[in-house]
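Shared between the two complexes below is subunit A, which pairs with subunit B and subunit C, respectively.
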Partner chain A sequence: MAGHNPWPNEGNTGHIWDEDIRELDNPPPLWWMLAFYAGFIMIIFYAIYYPTIPLANGFTKGIAGWTAIKEYEESYNELKAWRKQKFADKEEKLASLPLADIMKDTDLKLYAVATSKMLYGDNCAACHGAGGMGNPNFPVLADDDWLWGGHINQIHASIANGRVGNMPARGMMGNLSDEEIEQVTDYVMALSQGKGNDPAVAAGKAVYAKGMCLACHGPNGKPLAPNGAANLTDQIWRFVPFNDGTCKSMVEKTQRDAVLRTIKYGVNVKKNGDLIDCTREGAMPAWKGRLSDKDIKRLAIYVHELGGGQ
Partner chain B sequence: MNAANPQYEYGLLKFGTILTVILLVAGTAIGTYAAAQLAWPFLNFDIAEITFGRLRVVHTNTIILGFGGLALFVTSLYSVQRTNSNRLWCVPCAWLSALFLIVSIVGGIIGIAFGLTQAREYHEMEWIFDLGVAIGWVLWTMVFVMTIATRDKEKVPHVYVSNWFYLALLIAVTYLFLVNGLSIPVTWYKSYSLYSGVQDAMIQWWWGHNAVGFFLTAGFLGMMYYFVPKQARRPVYSYRLSVVHFWALIFGYVWLGAHHLQYTAVPDWTGSLGAVISLAMIIPSWGGALNGMLTLSGAWDRLRTDYILRFLIMALAFYAMSTFEGPVMSSKTVNALSHYTDWTIGHVHSGALGWVAMVAIGSIYHMVMKMWNTEMYSMKLINVHFWLATLGTVLYIVAMWVSGIMQGLMWRAYDEYGVLAYTFAESVAAMHPYYVMRFMGGVLFVAGALVMLYNVAMTVATAKSRQPAVAAA
Partner chain C sequence: MSVKDGTSKSLLDEYEVNSKTLEEIGVEILPVNTGKTVHAKRIPGRFRTLKWIAASVWLTLFFGPYLRWNGEQAILWDLPNRQFHFFGLTILPQDIWVLAMILLFFALLLAAVTAVAGRVWCGFFCFHTVWTDVFTWLEEKFEGSPAKRIKLDQAPWTWEKIKVKIPKHLAWLAIGFATSFSFLAFFTDSFDLWKRLFHFDLGFWEWATIIVIGLATYFFAGFMREQVCIGFCPYARIQGAMIDETTILPTYDKDRGEPRAQMKERNAYVRKVMQKYIEQGLDKKEARKKAEEEADQHFGDCIDCRLCVDVCPTGVDIRLGQQFGCITCGLCIDACDSIMDKIKKPRGLIRYASLDDFLGKEPPPIWKRPRVIVYTTVMLIAAGLLVWKLTHLSPIDVKALHDRAPLFVQLSDGSIQNKYTIKIVNKTNKPMAAKVEVKGPEGLVALVDPVIPVQPGTVASAVLRVRIPKNALKGKETPIDIIVRDANNPDIKAVYHSVFLYPLYR
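Now for the complex of A and B:
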């Protein structure tokens, strides 16, 4: 082919493909060749410094003595040492003092709150929302409306041991008719607006007594002592219209529909071990054993200080 | 007239080229939808088949195996004929190969959407489809090798460099794919891998990185070596450079896998080895980029008028960029920040959109004009496509750089109490604007791909009536 090279003065290799593809005889740029060799030299130095070369049993350790786990532990220990030096006394008190005493020490309390943000964000916010603002089906933690009590020890118990509220469907005896449920729903809606004594909802008030709602929610819609049942005299609703696919028998459009659903199907009602269709679902997991005792205390203080602690 | 040379087999390649463009549209559209889901999660509408976890894998398979694989298939069989002045060896074998590849890949992708997966990245499809891909692949390799072997050695004494790269791709992927895919089938659609634990991770990333190294790099370099000098009508800058960087890449790439496994349970030496060989790979990679770009020396002005050349040269620029970025990310210090973040995703797509897609797009335009023996229906639309693709790519990777580095920094930030400063959810929320930006980049890129599909379709439809009189004669 070289004899037929139509571009003889171009400095090409004389090879020609597909009529016009050819290659020049240029050497690679000098800087490129130098960098290319530098790469090999770098490999040698790197291999001396770091563990790099496999051997028949084991591998070269490198003069730096570097290992990944060592690098991790060193930086972790550095952080731990720094924290210890700055906060050892506070951490010590958090671990040993009873909650009641911690709550009297403003400084310590603020410290506990400041160091809980991550714990709360990674473990609790998925259900209770950022800053305890709540989510559909999950109670707000940032207000003073408590299902299980807002005293620091009650909050601590909620977190450590978990909580499951239960409410039977169709009243304590499960015998309320659809019509009665409509009536008592009207009554509950009126209660939440402070109009529980309105004659228009007298029928519902009677159903409230018949269904023994008062056993849990208290005679006037306000539980006498925290027992997991909601305070019905305010406008704070945990169960809002939220068509998430757990209820095939009804569609919730308004808050009244949501209340009606709760009364009709109850909370955490099971049949043969499975939740029944449309019942409200939700349980607070227990954190004892999953988080350290100290961190549970920290979180109890954090939740207490979100705004509604008593 | 060379373009109409009747000795070359174009039927299969014409079919394959059109399918490649369709797969480009499909793969990037699916990617864009996946990107939209990351910004607005409700878009999965609670339908299992299109939730992000599955759609993402459908995207990678459609775009890499489907679009990338088919682009390699058609360009390799096109250029191997022309650089060896030889008709395709056994055309029925080539058709059979295409049939196996297309049916298995499409089947595999549908399987993935319905939840059938080996859960090995870039090797998700179940064994039965795997087998089909392997048969198709081996047939393709045979056709390719035999087309070179049966050439007229008097007329074409040397094998052109594009063919070395394609060969490296075909051989390496054959054994990598087979070794990584070894598994015990238990039903028609379920198998268990032979590997477990650390061995599994090592084998998986030995394959995973070489899917990048040979599939998305070596193969596409082969494409570059044929189409850049052809489109520029200039000689390749340096023969010696091509020899040196070819062998350096081939020997280097197979050691890199462990840079995907820094700071994990694999032995420390594997990570170091992966990191240092990666760093040493910058210069060999740049060898390819340089050789392509310098091929234009003396013809730079042509970039102003030749839109196809623009695609090819922009591809080389992105190639140079991503092969600098990759090695930097391999180093332990940078990887400690970048791993698990969107920075990796940005790197992937600067290679995938900027390099792989652009070089393939340029090559396809060139091939369409040659095979249908006509000008493109609209040269202006190629320019429109070029700008849509470039802007889309830049939007995508800039968004991912910012969000990736931000993620990395947020995850490791401590506050004044020595406690992590941000919750994971906060870092997710902070990504939202960048996910929207990436989505918009995707929309631009898909729009470009649609323009291409239109342009190619119109070219094919009107080819007969517009063929230059000389050529037709």
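Now for the complex of A and C:
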């Protein structure tokens, strides 16, 4: 900025740069000033109408009673009302039609799936994982292996009423010795590879009969009807090695260890009302009463469509 | 003064003045009409004719909405359904980049044309120029010549004056309505719009569009006129910056025209010189001839008739040189040529010429000018993409989204399953019956609805499950092809390349 002002009579403000660029003090156009004043006048109305001035313990509320959350709630309710009206017939059908009919209606089925994502996330995903991918020792819902049946009505029953796993420790009568347990474990491992009739596991096969495992798991390792017992002939394991601290007497390192533990300590085996050490826990709560009938139906369809419904 | 030799630092150094305002350093501030209405004369001519031809392009705005194609409106921006129909072509939001290419092409066309021939858009094609031109044409029909109009404007407000003015304003409003209504008719069925208009059955936004655009047309073309070009329009400023010394523009030939003299002054000069020669003993005819020749030497060709100013729709004086108020419409060329014809001088005192032309420099040919090359290259790319897209506009669009949770599932028989959500877009106007087929390693099984119905212009989604035996999977990613065919029309087929995922750790 130059120290002297070569243009004293020009009306410049004395701010001069680069020798000859200088600041003048010309008035803005009239229309601009009018708009400027109008803006100030608007402030008065704004201050009266809207919350404006912060006070020691609050703020002026404004005569409109406007708040951001109220505006949000209004538009949210508007959206909810719109959804309710737009999908009223679908919701009505979901509530009234039997599941088998809903499954035949592609549109309705997709609607049920689309509206279940949040329900599933809130109520099911904690154990069964996002998208039914499962968690260690919580069943995968996206595969085609079902303990209690993969038919839509069976899935619905599982959700509505819950399921409690039940397997006695050391065979049906609880009389298998440690050695017999080792033998039958070998047999079960062989079953999953389709080698159940291998002479090497003949001893285990005999124990399988002696322990009356076939009562639930079926004569060939496959339950005759879904009853909560695992299919031992497929490649999906209900319980995998996962040392979560519920078992103090053994450490599972391999899948065989996990099978052995299950046979030795059973599932949900109780003594004096408490679960015994190392027994498997397998229980699903009932959702009837917690969720509406319609939502349980919706979820059953969602689970059925996750990947393995029958 | 030269910048190149480094001897002078600033243009201003050469001026010995105390105050260096623009006026004082010799920059002429060209006057811009900010006061009274410009009442331009209308005279026939080459550029006048060209202007009407160019303006007629805008007739498509008024008649476009009524064109039909296969029983449908040929050009329709169907906003509620997110579709754009153009002569049987349907463009969905997925292909909206085509619009970006169109915009890019025209933006660069504007730049290229401006670099070569100045503000051709402003002078001939701009809707504001065209509408203003039509409005002033109507004004002349209703209120008479510019002289009459100026007199009428100055006259006090009487019933007679109002009676003269009313028809003009009604005509202007009618054009305003036609403009806004035609604009709206591109967005909805045009015949239905007329029907609903007469039943007063339009929605709020439809009324608002008609009224706002209609009144804006009336206001801008009727009252704001050249002020829009001078004060409002950003394109005017942008285009002004895109011209250079090779750009041809309507320019006044100063060397030929100056010093200008009105005929009165010139005739007086001729008489004086003639007198001199007659006194020297020449006969009258010869003296006149010699005197005329001398006058031609003494004066320029401009007779200062101001017709070029009178016909200018933005009210500028082209003789002051190229200026930002000039929209390069060429009407002053028509005016000047008509005068040159009358005074038997060659045409072209005002003509399309570049600054280089006046300096006697040969401008480089068009294809050697860097800007033209760059603009044209971008234009060609945009046009190429556009043509490619329009000729390859697929009637079907398929996407397969791989489910992320879980990425894969092991099934009881040991095979691996991946789940996909397929989205099928039907870009035709007939319903589709989509059939999905998956190609991949041996033993692949695809589970999907046998037929997926897709309504025209909509997206259908379906769940696809693909099962592949473990031993057929070599790595963690196996490429698969999802093929979708339309059972109703075997020509329609789309392939989506996807991957099948499998854990590396087994």
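What we mean here is this: the second predicted complex is superposed on the first by the 237 of 310 C-alpha atoms of A that agree within 3 Å, B and C clash if a C-alpha of one lies under 4 Å from a C-alpha of the other, contacts with A are read in each partner's own complex, and residues count from 1 in each chain.
Operating definition for what follows: a residue touches a chain if its C-beta (ideal position, glycine included) is under 8 Å from a C-beta of that chain, and two chains touch if they have at least 3 such contacts.
Just so you know, these numbers come straight off a predicted model, no measurement behind them.
Colleague: What is the contact status of A:I53 with respect to subunit B (first) and subunit C (second): first, second, both, or neither?
Modeller: first
Colleague: Counting only touches as set out at the top, which of subunit B and subunit C does A:K117 meet: first, second, both, neither?
Modeller: first
Colleague: Using the superposition on chain A described above, determine whether A:G132 touches subunit B (first), subunit C (second), both, or neither.
Modeller: In the superposition, A:G132 contacts subunit C only.
Colleague: Touching A:A68, do we find subunit B (first), subunit C (second), both, or neither?
Modeller: first
Colleague: Is A:S177 touching anything from subunit B or subunit C once the two structures are fitted on A? First, second, both or neither.
Modeller: neither
Colleague: Could you say whether A:T106 touches subunit B, subunit C, both of them, or neither, answering first, second, both or neither?
Modeller: The second partner, subunit C, only.
Colleague: Between subunit B and subunit C, pick out the one touching the greater number of residues of subunit A.
Modeller: Touching more residues of subunit A than the other partner does is B.
Colleague: Just checking: does A:E10 make contact with subunit B only, subunit C only, both, or neither of them? Give me first, second, both or neither.
Modeller: It touches subunit B and subunit C both.
Colleague: So in the superposed three-chain picture, is A:N153 touching just subunit B, just subunit C, both, or none of them (first/second/both/neither)?
Modeller: In the superposed model, A:N153 contacts neither subunit B nor subunit C.
Colleague: Which subunit A residues lie in the overlap of the subunit B contact set and the subunit C contact set?
Modeller: In subunit A, positions 7, 10, 20, 130 sit in both the subunit B and subunit C interfaces.
Colleague: Mind listing the subunit B positions that touch subunit A in their complex?
Modeller: Those in contact with subunit A are residues 2, 46, 79, 82-85, 155-158, 160-161, 226, 229-230, 233, 235-242, 244, 248, 262-263, 267-269, 271-273, 275-277, 279-280, 282-284, 286-287, 290, 294, 332, 414-415, 417-426.
Colleague: With touch defined as at the start, can you tell me which subunit A residues reach subunit C in the complex?
Modeller: Going through subunit A, the ones touching subunit C are 6-7, 10, 20, 106, 110, 129-134, 140, 142-145, 231, 234-236, 305, 307-308.
Colleague: Which residues of subunit A touch subunit B in the complex?
Modeller: Of all residues in subunit A, those touching subunit B are 1, 7, 10, 12-13, 15, 17-29, 32, 35-36, 38-40, 42-43, 46-47, 50-54, 59-60, 62, 66-68, 72, 79, 82-83, 86-87, 111, 114-115, 117-118, 121-122, 125-126, 130, 245.
Colleague: Which part of subunit C faces subunit A closely enough to touch in the complex?
Modeller: Contact set of subunit C toward subunit A: 12, 18-20, 403-406, 409-414, 417, 419, 449, 461, 463, 465.
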